[in-house]
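Next come the structures, one after another.
In the two assemblies presented below, chain A is common to both, partnered first by chain B and then by chain C.
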Partner chain A sequence: MIIDITAVEIVDSFIGRMLSTVGSVSRLFGAETVIVGMRPAVAITLTELGLTLSGVRTALNAEKGLEILNGKA
Partner chain B sequence: MAELPIQSGDDVVRVRQQVRNAAADNGLSLVDQTKLVTAASELARNTLVHGGGGVARVEVVKSAAGRVGVKLQFTDEGPGIPDVDLALTDGWSSGNGLGLGLSGARRLVDEFELTSKPGTGTSVMVVKWSR
Partner chain C sequence: MEADGTNDRIAAFLRDNHDKVVGRWGELVVAGVHGRTSREEVRRELEDLYALVIRVLSRADEHANGELLAALDELSRSRARDGFTPGETALGVFSLKEAVYEFVADAADLVPEFLAFSRMIDDLGLRTFEEYSAAREQIISNQAAAMLELSTPVVRLWEGIIAVPLVGTLDSARTQLVMEKLLETLVATGADHAVIDITGVPTVDTEVAQHLLKTVSAARLLGAECTISGIRPQVAQTIVSLGIEFGDITTKATLADALALALSQAGLKVVPDLWNECRSSRSGKRCSSPSSSTCRTTPRFACKKTWPTSWPPPGRAA
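After this line comes the complex of A and B, so read on.
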(Lines of atoms letter the chains of each structure in order from A and count residues from 1; the text may use other names and numbers.)
(Lines give C-alpha, C1' and ligand atoms only; values in the text may rest on other atoms or scores of the structure.)
Protein backbone atom coordinates (compact mmCIF):
# COMPACT_ATOMS: atom_id res chain seq x y z
CA MET A 1 0.00 0.00 0.00
CA ILE A 2 1.20 3.47 -0.83
CA ILE A 3 0.07 6.54 1.12
CA ASP A 4 0.96 9.76 -0.68
CA ILE A 5 1.24 12.72 1.71
CA THR A 6 2.46 15.26 -0.86
CA ALA A 7 -0.47 17.57 -0.05
CA VAL A 8 -0.05 17.28 3.73
CA GLU A 9 1.30 20.50 5.24
CA ILE A 10 2.00 19.21 8.75
CA VAL A 11 2.28 15.85 10.49
CA ASP A 12 1.76 16.07 14.24
CA SER A 13 1.91 13.19 16.74
CA PHE A 14 -1.81 12.52 16.18
CA ILE A 15 -1.42 12.01 12.41
CA GLY A 16 1.91 10.25 12.92
CA ARG A 17 0.33 7.73 15.24
CA MET A 18 -2.49 7.19 12.75
CA LEU A 19 -0.02 6.45 9.96
CA SER A 20 1.91 4.02 12.20
CA THR A 21 -1.32 2.26 13.15
CA VAL A 22 -2.36 1.89 9.50
CA GLY A 23 1.08 0.37 8.79
CA SER A 24 0.93 -2.03 11.73
CA VAL A 25 -2.61 -3.22 10.95
CA SER A 26 -1.95 -3.70 7.23
CA ARG A 27 1.18 -5.69 8.09
CA LEU A 28 -1.07 -8.15 9.94
CA PHE A 29 -2.87 -8.63 6.64
CA GLY A 30 0.42 -9.25 4.87
CA ALA A 31 0.65 -5.85 3.21
CA GLU A 32 3.59 -3.48 3.33
CA THR A 33 2.91 0.27 3.74
CA VAL A 34 5.08 2.94 2.17
CA ILE A 35 4.56 6.64 2.94
CA VAL A 36 5.67 8.77 0.00
CA GLY A 37 5.97 12.43 -0.89
CA MET A 38 6.74 13.90 2.51
CA ARG A 39 7.63 17.58 2.23
CA PRO A 40 11.13 18.54 3.43
CA ALA A 41 9.75 20.97 6.04
CA VAL A 42 7.49 18.20 7.37
CA ALA A 43 10.42 15.76 7.57
CA ILE A 44 12.57 18.28 9.48
CA THR A 45 9.70 18.99 11.90
CA LEU A 46 8.91 15.30 12.44
CA THR A 47 12.52 14.60 13.37
CA GLU A 48 12.58 17.42 15.91
CA LEU A 49 9.22 16.34 17.29
CA GLY A 50 10.73 12.89 17.85
CA LEU A 51 8.37 10.86 15.68
CA THR A 52 9.88 7.84 13.93
CA LEU A 53 6.79 6.47 12.13
CA SER A 54 7.45 2.91 13.25
CA GLY A 55 5.59 0.27 11.29
CA VAL A 56 5.84 2.03 7.95
CA ARG A 57 8.51 2.54 5.35
CA THR A 58 9.04 5.83 3.56
CA ALA A 59 10.17 6.77 0.06
CA LEU A 60 10.87 10.04 -1.72
CA ASN A 61 7.99 9.77 -4.21
CA ALA A 62 5.35 7.35 -5.54
CA GLU A 63 7.75 5.93 -8.12
CA LYS A 64 10.38 5.05 -5.50
CA GLY A 65 7.63 3.68 -3.28
CA LEU A 66 6.46 1.34 -6.00
CA GLU A 67 10.04 0.17 -6.52
CA ILE A 68 10.18 -0.84 -2.85
CA LEU A 69 6.90 -2.75 -3.11
CA ASN A 70 7.80 -4.44 -6.43
CA GLY A 71 11.21 -5.44 -5.11
CA LYS A 72 9.45 -7.28 -2.29
CA ALA A 73 6.80 -8.95 -4.44
CA MET B 1 -4.41 39.58 18.44
CA ALA B 2 -6.88 36.83 17.71
CA GLU B 3 -8.64 34.73 20.30
CA LEU B 4 -9.98 31.38 19.17
CA PRO B 5 -12.09 28.86 21.05
CA ILE B 6 -10.96 25.23 21.22
CA GLN B 7 -14.02 23.08 21.77
CA SER B 8 -13.85 20.60 18.89
CA GLY B 9 -11.55 19.00 16.34
CA ASP B 10 -12.68 21.61 13.81
CA ASP B 11 -11.51 24.34 16.18
CA VAL B 12 -8.04 22.73 16.24
CA VAL B 13 -7.98 22.99 12.44
CA ARG B 14 -8.99 26.68 12.63
CA VAL B 15 -6.21 27.37 15.14
CA ARG B 16 -3.71 25.72 12.79
CA GLN B 17 -4.89 27.90 9.88
CA GLN B 18 -4.72 31.09 11.92
CA VAL B 19 -1.21 30.26 13.15
CA ARG B 20 -0.08 29.42 9.60
CA ASN B 21 -1.36 32.80 8.33
CA ALA B 22 0.25 34.74 11.19
CA ALA B 23 3.58 32.93 10.68
CA ALA B 24 3.59 33.41 6.90
CA ASP B 25 2.56 37.09 7.13
CA ASN B 26 5.36 37.86 9.57
CA GLY B 27 8.31 36.48 7.68
CA LEU B 28 8.84 33.06 9.26
CA SER B 29 10.55 30.63 6.87
CA LEU B 30 8.61 27.66 5.54
CA VAL B 31 10.39 25.31 7.96
CA ASP B 32 9.72 27.62 10.91
CA GLN B 33 6.06 27.99 9.84
CA THR B 34 5.75 24.21 9.73
CA LYS B 35 7.38 23.83 13.15
CA LEU B 36 5.12 26.45 14.74
CA VAL B 37 1.94 25.09 13.16
CA THR B 38 2.88 21.56 14.29
CA ALA B 39 3.53 22.79 17.85
CA ALA B 40 0.20 24.66 17.77
CA SER B 41 -1.55 21.50 16.63
CA GLU B 42 -0.08 19.49 19.53
CA LEU B 43 -0.91 22.16 22.11
CA ALA B 44 -4.43 22.83 20.80
CA ARG B 45 -5.16 19.10 20.90
CA ASN B 46 -3.84 18.94 24.48
CA THR B 47 -6.16 21.82 25.41
CA LEU B 48 -9.09 19.95 23.87
CA VAL B 49 -8.35 16.41 25.07
CA HIS B 50 -6.71 16.97 28.48
CA GLY B 51 -8.04 20.43 29.36
CA GLY B 52 -11.60 19.78 28.27
CA GLY B 53 -11.44 22.73 25.86
CA GLY B 54 -10.20 26.28 26.22
CA VAL B 55 -8.89 29.18 24.18
CA ALA B 56 -5.93 29.93 21.93
CA ARG B 57 -4.50 33.43 21.52
CA VAL B 58 -2.41 34.29 18.49
CA GLU B 59 -0.33 37.44 18.73
CA VAL B 60 2.44 39.13 16.75
CA VAL B 61 5.24 40.34 19.04
CA LYS B 62 8.46 42.31 18.65
CA SER B 63 11.64 41.65 20.63
CA ALA B 64 13.84 44.35 22.16
CA ALA B 65 16.26 43.73 19.28
CA GLY B 66 13.49 44.40 16.79
CA ARG B 67 12.83 40.85 15.70
CA VAL B 68 9.27 39.90 14.86
CA GLY B 69 7.75 36.76 16.27
CA VAL B 70 4.48 34.91 16.67
CA LYS B 71 3.34 34.24 20.21
CA LEU B 72 0.72 31.65 21.05
CA GLN B 73 -1.06 31.11 24.33
CA PHE B 74 -3.20 28.07 25.08
CA THR B 75 -5.34 28.22 28.20
CA ASP B 76 -7.74 25.74 29.70
CA GLU B 77 -9.55 25.31 32.98
CA GLY B 78 -9.11 21.57 33.10
CA PRO B 79 -7.70 19.32 35.83
CA GLY B 80 -4.16 20.72 35.47
CA ILE B 81 -0.88 18.81 35.39
CA PRO B 82 0.21 17.34 38.74
CA ASP B 83 3.85 16.82 37.69
CA VAL B 84 5.01 19.26 35.00
CA ASP B 85 8.53 17.79 34.72
CA LEU B 86 7.09 14.34 34.15
CA ALA B 87 4.62 15.68 31.56
CA LEU B 88 7.54 17.21 29.66
CA THR B 89 9.43 13.91 29.52
CA ASP B 90 9.73 12.26 26.11
CA GLY B 91 7.61 9.15 25.93
CA TRP B 92 5.55 9.75 29.04
CA SER B 93 1.83 9.95 28.38
CA SER B 94 -1.17 10.30 30.65
CA GLY B 95 -3.36 8.76 27.96
CA ASN B 96 -2.58 6.28 25.23
CA GLY B 97 -0.66 8.72 23.03
CA LEU B 98 2.98 8.62 22.07
CA GLY B 99 4.02 11.01 24.82
CA LEU B 100 5.72 13.34 22.36
CA GLY B 101 3.18 16.15 22.06
CA LEU B 102 4.24 18.45 24.87
CA SER B 103 7.96 17.65 24.90
CA GLY B 104 8.07 17.72 21.09
CA ALA B 105 6.22 21.04 20.90
CA ARG B 106 8.80 22.54 23.25
CA ARG B 107 11.62 21.54 20.88
CA LEU B 108 9.83 23.11 17.90
CA VAL B 109 9.63 26.65 19.31
CA ASP B 110 12.10 29.28 20.57
CA GLU B 111 10.36 30.06 23.86
CA PHE B 112 8.16 27.81 25.95
CA GLU B 113 6.47 28.47 29.25
CA LEU B 114 4.08 26.10 30.97
CA THR B 115 2.12 26.99 34.06
CA SER B 116 -0.30 24.58 35.62
CA LYS B 117 -2.08 24.18 38.91
CA PRO B 118 -3.97 21.01 39.74
CA GLY B 119 -7.67 21.85 39.83
CA THR B 120 -7.47 25.24 38.12
CA GLY B 121 -6.07 24.54 34.66
CA THR B 122 -3.09 24.82 32.40
CA SER B 123 -1.57 27.59 30.32
CA VAL B 124 1.14 27.16 27.71
CA MET B 125 2.88 30.10 26.05
CA VAL B 126 5.20 29.67 23.07
CA VAL B 127 7.05 32.07 20.78
CA LYS B 128 8.72 31.51 17.42
CA TRP B 129 10.96 34.34 16.18
CA SER B 130 11.62 35.20 12.55
CA ARG B 131 15.30 34.80 11.59
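After this line comes the complex of A and C, so read on.
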Protein backbone atom coordinates (compact mmCIF):
# COMPACT_ATOMS: atom_id res chain seq x y z
CA MET A 1 0.00 0.00 0.00
CA ILE A 2 1.24 3.46 -0.86
CA ILE A 3 0.15 6.50 1.14
CA ASP A 4 0.92 9.66 -0.79
CA ILE A 5 1.12 12.68 1.52
CA THR A 6 2.41 15.19 -1.04
CA ALA A 7 -0.58 17.43 -0.41
CA VAL A 8 -0.19 17.34 3.36
CA GLU A 9 1.34 20.63 4.43
CA ILE A 10 0.76 20.62 8.16
CA VAL A 11 1.01 17.66 10.51
CA ASP A 12 0.48 17.19 14.21
CA SER A 13 1.29 14.35 16.59
CA PHE A 14 -2.10 12.78 15.85
CA ILE A 15 -1.43 12.40 12.12
CA GLY A 16 2.06 11.15 12.86
CA ARG A 17 0.72 8.47 15.17
CA MET A 18 -2.05 7.63 12.73
CA LEU A 19 0.47 7.00 9.94
CA SER A 20 2.43 4.71 12.25
CA THR A 21 -0.74 2.87 13.27
CA VAL A 22 -1.87 2.40 9.69
CA GLY A 23 1.56 0.92 8.96
CA SER A 24 1.46 -1.56 11.81
CA VAL A 25 -2.18 -2.53 11.24
CA SER A 26 -1.60 -3.19 7.56
CA ARG A 27 1.42 -5.30 8.46
CA LEU A 28 -0.97 -7.48 10.47
CA PHE A 29 -2.83 -8.07 7.22
CA GLY A 30 0.43 -8.97 5.55
CA ALA A 31 0.58 -5.75 3.53
CA GLU A 32 3.57 -3.45 3.35
CA THR A 33 3.04 0.30 3.65
CA VAL A 34 5.18 2.95 1.98
CA ILE A 35 4.64 6.62 2.75
CA VAL A 36 5.66 8.78 -0.19
CA GLY A 37 5.99 12.45 -1.05
CA MET A 38 6.60 13.85 2.41
CA ARG A 39 7.43 17.56 2.36
CA PRO A 40 10.56 18.86 4.10
CA ALA A 41 8.51 20.96 6.53
CA VAL A 42 6.41 17.93 7.45
CA ALA A 43 9.53 15.82 7.99
CA ILE A 44 11.05 18.49 10.24
CA THR A 45 7.85 18.75 12.27
CA LEU A 46 7.61 14.99 12.74
CA THR A 47 11.28 14.85 13.80
CA GLU A 48 10.77 17.66 16.29
CA LEU A 49 7.79 15.74 17.67
CA GLY A 50 10.08 12.74 18.07
CA LEU A 51 8.14 10.58 15.61
CA THR A 52 10.47 8.65 13.36
CA LEU A 53 7.73 6.42 11.87
CA SER A 54 9.81 3.34 12.54
CA GLY A 55 8.29 0.30 10.96
CA VAL A 56 6.91 2.23 8.01
CA ARG A 57 8.99 2.60 4.89
CA THR A 58 9.27 5.96 3.20
CA ALA A 59 10.14 7.08 -0.32
CA LEU A 60 10.67 10.37 -2.08
CA ASN A 61 7.91 9.94 -4.65
CA ALA A 62 5.32 7.45 -5.86
CA GLU A 63 7.68 5.90 -8.45
CA LYS A 64 10.30 5.12 -5.84
CA GLY A 65 7.57 3.85 -3.52
CA LEU A 66 6.43 1.43 -6.19
CA GLU A 67 10.02 0.32 -6.71
CA ILE A 68 10.24 -0.53 -3.04
CA LEU A 69 7.01 -2.50 -3.16
CA ASN A 70 8.23 -4.33 -6.26
CA GLY A 71 11.31 -5.32 -4.33
CA LYS A 72 13.76 -3.44 -6.54
CA ALA A 73 15.18 -1.30 -3.82
CA MET B 1 19.02 74.42 24.48
CA GLU B 2 18.74 77.40 26.85
CA ALA B 3 16.34 80.10 25.78
CA ASP B 4 18.43 83.00 27.07
CA GLY B 5 21.24 84.72 25.23
CA THR B 6 24.05 82.41 26.42
CA ASN B 7 24.01 80.28 23.28
CA ASP B 8 24.12 83.33 21.07
CA ARG B 9 27.23 84.56 22.84
CA ILE B 10 29.07 81.28 22.52
CA ALA B 11 27.93 81.03 18.89
CA ALA B 12 29.35 84.47 18.25
CA PHE B 13 32.55 83.43 20.00
CA LEU B 14 32.85 80.32 17.84
CA ARG B 15 32.18 82.30 14.71
CA ASP B 16 34.81 84.90 15.58
CA ASN B 17 37.47 82.36 16.47
CA HIS B 18 36.64 79.98 13.63
CA ASP B 19 40.16 79.39 12.33
CA LYS B 20 41.82 79.08 15.72
CA VAL B 21 39.27 76.66 17.17
CA VAL B 22 38.93 74.47 14.08
CA GLY B 23 42.72 74.37 13.75
CA ARG B 24 43.20 73.28 17.35
CA TRP B 25 40.27 70.82 17.12
CA GLY B 26 41.80 69.29 13.99
CA GLU B 27 45.17 68.87 15.74
CA LEU B 28 43.54 67.11 18.69
CA VAL B 29 41.52 64.79 16.46
CA VAL B 30 44.48 63.90 14.22
CA ALA B 31 46.58 63.15 17.30
CA GLY B 32 43.73 61.01 18.69
CA VAL B 33 43.35 58.80 15.62
CA HIS B 34 47.11 58.27 15.30
CA GLY B 35 47.31 59.56 11.76
CA ARG B 36 44.90 57.07 10.27
CA THR B 37 43.04 59.83 8.44
CA SER B 38 44.75 62.69 6.69
CA ARG B 39 44.79 66.17 8.17
CA GLU B 40 42.88 67.58 5.18
CA GLU B 41 40.15 64.97 5.47
CA VAL B 42 39.71 65.60 9.19
CA ARG B 43 39.70 69.32 8.54
CA ARG B 44 36.94 68.98 5.94
CA GLU B 45 34.76 66.85 8.23
CA LEU B 46 35.28 69.23 11.14
CA GLU B 47 34.53 72.34 9.07
CA ASP B 48 31.12 70.87 8.24
CA LEU B 49 30.40 69.90 11.82
CA TYR B 50 31.62 73.24 13.11
CA ALA B 51 29.35 75.19 10.78
CA LEU B 52 26.41 73.04 11.86
CA VAL B 53 27.22 73.48 15.57
CA ILE B 54 27.25 77.26 15.10
CA ARG B 55 23.93 77.10 13.25
CA VAL B 56 22.39 75.06 16.05
CA LEU B 57 23.75 77.38 18.75
CA SER B 58 22.55 80.53 17.05
CA ARG B 59 19.17 78.90 16.36
CA ALA B 60 19.32 80.24 12.81
CA ASP B 61 16.93 77.63 11.43
CA GLU B 62 15.02 74.63 12.73
CA HIS B 63 16.66 72.14 10.34
CA ALA B 64 20.13 72.72 11.77
CA ASN B 65 19.68 70.32 14.69
CA GLY B 66 18.54 67.47 12.46
CA GLU B 67 21.35 68.12 9.99
CA LEU B 68 23.95 68.13 12.74
CA LEU B 69 22.71 64.81 14.10
CA ALA B 70 22.60 63.30 10.62
CA ALA B 71 26.16 64.47 9.90
CA LEU B 72 27.34 63.01 13.22
CA ASP B 73 25.57 59.72 12.55
CA GLU B 74 27.16 59.46 9.15
CA LEU B 75 30.59 60.23 10.61
CA SER B 76 30.17 57.60 13.35
CA ARG B 77 29.01 54.97 10.89
CA SER B 78 31.96 55.55 8.57
CA ARG B 79 34.33 55.43 11.56
CA ALA B 80 32.76 52.13 12.66
CA ARG B 81 33.16 50.68 9.17
CA ASP B 82 36.77 51.84 8.93
CA GLY B 83 37.64 50.05 12.15
CA PHE B 84 38.15 52.99 14.51
CA THR B 85 37.54 52.35 18.19
CA PRO B 86 34.47 53.91 19.83
CA GLY B 87 36.83 56.01 21.94
CA GLU B 88 38.51 57.50 18.90
CA THR B 89 35.13 58.22 17.37
CA ALA B 90 33.74 60.00 20.42
CA LEU B 91 37.04 61.82 20.87
CA GLY B 92 36.34 63.58 17.59
CA VAL B 93 33.41 65.33 19.22
CA PHE B 94 34.75 65.73 22.74
CA SER B 95 37.94 67.39 21.59
CA LEU B 96 35.87 70.32 20.29
CA LYS B 97 35.08 71.02 23.93
CA GLU B 98 38.75 70.94 24.79
CA ALA B 99 39.67 73.16 21.85
CA VAL B 100 37.04 75.73 22.77
CA TYR B 101 37.97 75.59 26.45
CA GLU B 102 41.55 76.52 25.73
CA PHE B 103 40.34 79.78 24.19
CA VAL B 104 37.47 80.39 26.61
CA ALA B 105 39.84 80.09 29.56
CA ASP B 106 41.35 83.42 28.48
CA ALA B 107 37.94 85.12 28.42
CA ALA B 108 36.67 84.41 31.94
CA ASP B 109 33.21 85.89 31.37
CA LEU B 110 32.32 83.15 28.85
CA VAL B 111 32.78 80.30 31.34
CA PRO B 112 29.07 79.97 32.36
CA GLU B 113 28.10 79.85 28.68
CA PHE B 114 30.79 77.31 28.14
CA LEU B 115 29.09 74.98 30.64
CA ALA B 116 25.88 74.94 28.60
CA PHE B 117 27.91 74.42 25.46
CA SER B 118 29.78 71.60 27.14
CA ARG B 119 26.51 69.85 27.99
CA MET B 120 25.48 70.02 24.35
CA ILE B 121 28.78 68.55 23.20
CA ASP B 122 28.40 65.75 25.76
CA ASP B 123 25.03 64.88 24.29
CA LEU B 124 26.51 64.87 20.80
CA GLY B 125 29.37 62.65 22.02
CA LEU B 126 26.92 60.16 23.46
CA ARG B 127 25.04 60.24 20.21
CA THR B 128 28.16 59.27 18.24
CA PHE B 129 28.74 56.46 20.69
CA GLU B 130 25.24 55.08 20.23
CA GLU B 131 25.38 55.39 16.47
CA TYR B 132 28.81 53.77 16.44
CA SER B 133 27.57 50.71 18.33
CA ALA B 134 24.44 50.53 16.18
CA ALA B 135 26.62 50.50 13.07
CA ARG B 136 28.82 47.81 14.62
CA GLU B 137 25.80 45.69 15.52
CA GLN B 138 24.64 46.00 11.94
CA ILE B 139 28.03 44.88 10.63
CA ILE B 140 28.08 41.91 13.01
CA SER B 141 24.58 40.76 12.13
CA ASN B 142 25.34 41.09 8.41
CA GLN B 143 28.45 38.96 8.85
CA ALA B 144 26.59 36.36 10.89
CA ALA B 145 23.94 36.12 8.19
CA ALA B 146 26.60 35.82 5.49
CA MET B 147 28.39 33.11 7.45
CA LEU B 148 25.20 31.17 7.98
CA GLU B 149 24.51 31.42 4.28
CA LEU B 150 28.02 30.32 3.33
CA SER B 151 28.36 27.54 5.83
CA THR B 152 25.69 25.20 4.52
CA PRO B 153 26.35 24.08 0.99
CA VAL B 154 24.67 20.96 -0.32
CA VAL B 155 26.67 19.39 -3.15
CA ARG B 156 25.74 16.69 -5.59
CA LEU B 157 28.33 13.92 -5.57
CA TRP B 158 26.67 11.65 -8.07
CA GLU B 159 23.31 11.03 -9.65
CA GLY B 160 21.11 10.40 -6.63
CA ILE B 161 23.84 11.05 -4.06
CA ILE B 162 24.23 14.39 -2.32
CA ALA B 163 26.66 15.52 0.37
CA VAL B 164 26.56 18.15 3.10
CA PRO B 165 30.08 19.14 4.18
CA LEU B 166 29.67 20.71 7.61
CA VAL B 167 32.33 23.16 8.80
CA GLY B 168 32.23 24.71 12.26
CA THR B 169 30.22 24.10 15.37
CA LEU B 170 26.64 22.91 14.99
CA ASP B 171 24.09 24.84 16.99
CA SER B 172 20.32 24.67 16.82
CA ALA B 173 19.97 27.53 14.34
CA ARG B 174 22.50 26.02 11.96
CA THR B 175 21.09 22.53 12.29
CA GLN B 176 17.69 23.88 11.37
CA LEU B 177 19.15 25.57 8.28
CA VAL B 178 21.19 22.51 7.28
CA MET B 179 18.18 20.27 7.74
CA GLU B 180 15.92 22.49 5.66
CA LYS B 181 18.47 22.82 2.87
CA LEU B 182 19.25 19.11 2.85
CA LEU B 183 15.60 18.10 2.71
CA GLU B 184 14.80 20.66 0.03
CA THR B 185 17.71 19.42 -2.08
CA LEU B 186 16.61 15.81 -1.57
CA VAL B 187 13.17 16.69 -2.88
CA ALA B 188 14.47 18.91 -5.71
CA THR B 189 17.06 16.44 -7.02
CA GLY B 190 15.21 13.26 -6.19
CA ALA B 191 18.36 11.93 -4.56
CA ASP B 192 17.90 8.94 -2.28
CA HIS B 193 21.25 9.00 -0.56
CA ALA B 194 22.73 11.78 1.53
CA VAL B 195 26.19 11.95 3.09
CA ILE B 196 26.69 14.29 6.03
CA ASP B 197 30.41 15.01 6.29
CA ILE B 198 31.51 16.26 9.71
CA THR B 199 35.25 16.50 9.00
CA GLY B 200 35.07 20.25 9.69
CA VAL B 201 33.13 19.95 12.93
CA PRO B 202 35.70 20.47 15.70
CA THR B 203 33.88 18.73 18.55
CA VAL B 204 30.89 16.45 18.74
CA ASP B 205 29.10 16.62 22.07
CA THR B 206 25.69 15.27 22.99
CA GLU B 207 23.96 18.35 21.61
CA VAL B 208 25.69 18.18 18.23
CA ALA B 209 25.00 14.44 18.07
CA GLN B 210 21.34 15.09 18.86
CA HIS B 211 21.20 17.58 15.98
CA LEU B 212 22.84 15.10 13.61
CA LEU B 213 20.39 12.36 14.63
CA LYS B 214 17.48 14.69 14.02
CA THR B 215 18.75 15.59 10.56
CA VAL B 216 19.23 11.94 9.67
CA SER B 217 15.81 10.88 10.86
CA ALA B 218 14.17 13.76 8.97
CA ALA B 219 15.98 12.68 5.79
CA ARG B 220 14.85 9.12 6.42
CA LEU B 221 11.26 10.24 6.65
CA LEU B 222 11.63 11.52 3.11
CA GLY B 223 12.83 8.09 2.08
CA ALA B 224 16.52 8.92 1.74
CA GLU B 225 19.30 6.96 3.36
CA CYS B 226 21.84 8.97 5.34
CA THR B 227 25.49 8.27 6.07
CA ILE B 228 27.62 10.29 8.47
CA SER B 229 31.23 10.55 7.34
CA GLY B 230 34.43 12.27 8.41
CA ILE B 231 34.52 10.99 11.98
CA ARG B 232 38.05 11.61 13.21
CA PRO B 233 39.66 9.39 15.85
CA GLN B 234 39.31 12.01 18.59
CA VAL B 235 35.67 12.57 17.69
CA ALA B 236 35.05 8.82 17.74
CA GLN B 237 36.61 8.62 21.21
CA THR B 238 34.44 11.48 22.45
CA ILE B 239 31.31 9.89 21.02
CA VAL B 240 32.07 6.58 22.71
CA SER B 241 33.02 8.12 26.05
CA LEU B 242 29.85 10.24 26.07
CA GLY B 243 27.85 7.11 25.39
CA ILE B 244 26.18 8.55 22.30
CA GLU B 245 24.37 5.92 20.26
CA PHE B 246 24.05 6.46 16.55
CA GLY B 247 21.78 3.42 16.32
CA ASP B 248 21.46 1.98 12.86
CA ILE B 249 22.89 5.07 11.16
CA THR B 250 25.90 4.14 9.07
CA THR B 251 29.07 6.04 9.92
CA LYS B 252 32.26 6.12 7.88
CA ALA B 253 35.73 7.49 8.49
CA THR B 254 36.04 9.46 5.27
CA LEU B 255 33.82 10.99 2.64
CA ALA B 256 35.38 8.62 0.10
CA ASP B 257 34.23 5.58 2.10
CA ALA B 258 30.74 7.02 2.36
CA LEU B 259 30.63 7.72 -1.38
CA ALA B 260 31.76 4.17 -2.13
CA LEU B 261 29.03 2.81 0.15
CA ALA B 262 26.38 5.04 -1.43
CA LEU B 263 27.51 4.01 -4.92
CA SER B 264 27.35 0.33 -4.05
CA GLN B 265 23.88 0.77 -2.53
CA ALA B 266 22.83 2.48 -5.75
CA GLY B 267 24.14 -0.55 -7.64
CA LEU B 268 27.13 1.26 -9.11
CA LYS B 269 30.75 0.22 -9.02
CA VAL B 270 33.94 2.06 -9.82
CA VAL B 271 36.19 -0.01 -12.08
CA PRO B 272 39.57 0.83 -13.62
CA ASP B 273 39.40 2.16 -17.16
CA LEU B 274 40.60 -0.74 -19.30
CA TRP B 275 39.84 0.89 -22.58
CA ASN B 276 43.35 2.30 -22.80
CA GLU B 277 44.86 -1.11 -22.19
CA CYS B 278 42.62 -2.89 -24.63
CA ARG B 279 44.38 -4.19 -27.76
CA SER B 280 43.10 -6.06 -30.75
CA SER B 281 44.27 -9.68 -30.79
CA ARG B 282 45.04 -9.54 -34.51
CA SER B 283 46.77 -6.20 -35.08
CA GLY B 284 47.79 -5.29 -31.55
CA LYS B 285 46.27 -1.89 -32.18
CA ARG B 286 43.89 -0.12 -29.85
CA CYS B 287 40.33 -1.42 -30.20
CA SER B 288 37.96 0.81 -32.09
CA SER B 289 34.92 0.04 -29.95
CA PRO B 290 34.08 -1.96 -26.87
CA SER B 291 32.03 -4.37 -28.94
CA SER B 292 34.84 -5.14 -31.37
CA SER B 293 34.70 -8.87 -32.03
CA THR B 294 38.46 -9.20 -32.12
CA CYS B 295 38.97 -7.63 -28.72
CA ARG B 296 40.59 -10.09 -26.32
CA THR B 297 40.36 -8.03 -23.17
CA THR B 298 36.73 -7.18 -22.88
CA PRO B 299 36.83 -3.48 -22.04
CA ARG B 300 34.88 -1.32 -19.63
CA PHE B 301 32.03 -2.78 -17.66
CA ALA B 302 31.79 -6.11 -19.38
CA CYS B 303 35.37 -6.62 -18.27
CA LYS B 304 34.28 -7.48 -14.76
CA LYS B 305 33.81 -11.08 -15.89
CA THR B 306 37.16 -11.68 -17.54
CA TRP B 307 39.30 -9.09 -15.81
CA PRO B 308 41.11 -11.21 -13.22
CA THR B 309 42.15 -13.91 -15.69
CA SER B 310 43.19 -11.64 -18.51
CA TRP B 311 45.58 -9.46 -16.54
CA PRO B 312 47.88 -8.14 -17.78
CA PRO B 313 46.15 -7.29 -21.06
CA PRO B 314 48.09 -8.58 -24.07
CA GLY B 315 48.98 -5.13 -25.37
CA ARG B 316 50.47 -4.16 -22.05
CA ALA B 317 52.46 -7.32 -21.57
CA ALA B 318 54.29 -6.77 -24.85
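Assume the second predicted complex is superposed on the first by the 71 of 73 C-alpha atoms of A that agree within 3 Å, B and C clash if a C-alpha of one lies under 4 Å from a C-alpha of the other, contacts with A are read in each partner's own complex, and residues count from 1 in each chain.
The rule we apply is simple: contacts are C-beta pairs under 8 Å (C-beta built on N, C-alpha and C of every residue); 3 or more make two chains touch, one makes a residue touch a chain.
This structure is a prediction, so every number in the text was calculated from the model and none was measured.
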**Prompt:** Sharing chain A, do chain B and chain C clash or fit in the superposition?
**Reply:** fit
**Item:** Which superposed partner A:49 touches (first chain B, second chain C, both, neither)
**Value:** first
**Message:** In the overlaid three-chain picture, which partner chain does A:58 touch, first (chain B) or second (chain C), both, or neither?
**Reply:** second
**Request:** Quick one: classify A:38 as touching chain B (first), chain C (second), both or neither.
**Result:** second
**Message:** Looking at A:18, would you say it contacts chain B, chain C, both, or neither? Reply first, second, both or neither.
**Reply:** neither
**Request:** Kindly classify A:10 by the partners it touches after superposition: chain B alone (first), chain C alone (second), both, or neither?
**Result:** first
**Request:** Rounding in steps of 10 degrees, give the angle chain B-chain A-chain C taken between C-alpha centres.
**Result:** 60
**Fill in**
The superposition places the nearest Cα atoms of chain B and chain C at a distance, in Å, of 7
**Request:** Check chain A for residues that touch chain B in one structure and chain C in the other, and list them.
**Result:** 39-40, 42, 44, 48
**Message:** Under the stated contact criterion, what part of chain C meets chain A in this complex?
**Reply:** 176, 179-180, 183-184, 186-187, 190, 192, 214, 217-224
**Request:** Name, in rising order, each residue of chain B that touches chain A in their complex.
**Result:** 16, 20, 30-31, 33-35, 37-38, 41-42, 45, 90, 97-98, 100-101, 103-105, 107-108
**Request:** Using the touch definition up top, name the residues of chain A that touch chain C in the complex.
**Result:** 35-36, 38-40, 42-44, 46-48, 52-53, 57-61, 64-65, 73
**Request:** Enumerate the contact residues on chain A facing chain B in the complex.
**Result:** 9-14, 16-17, 39-42, 44-45, 48-51
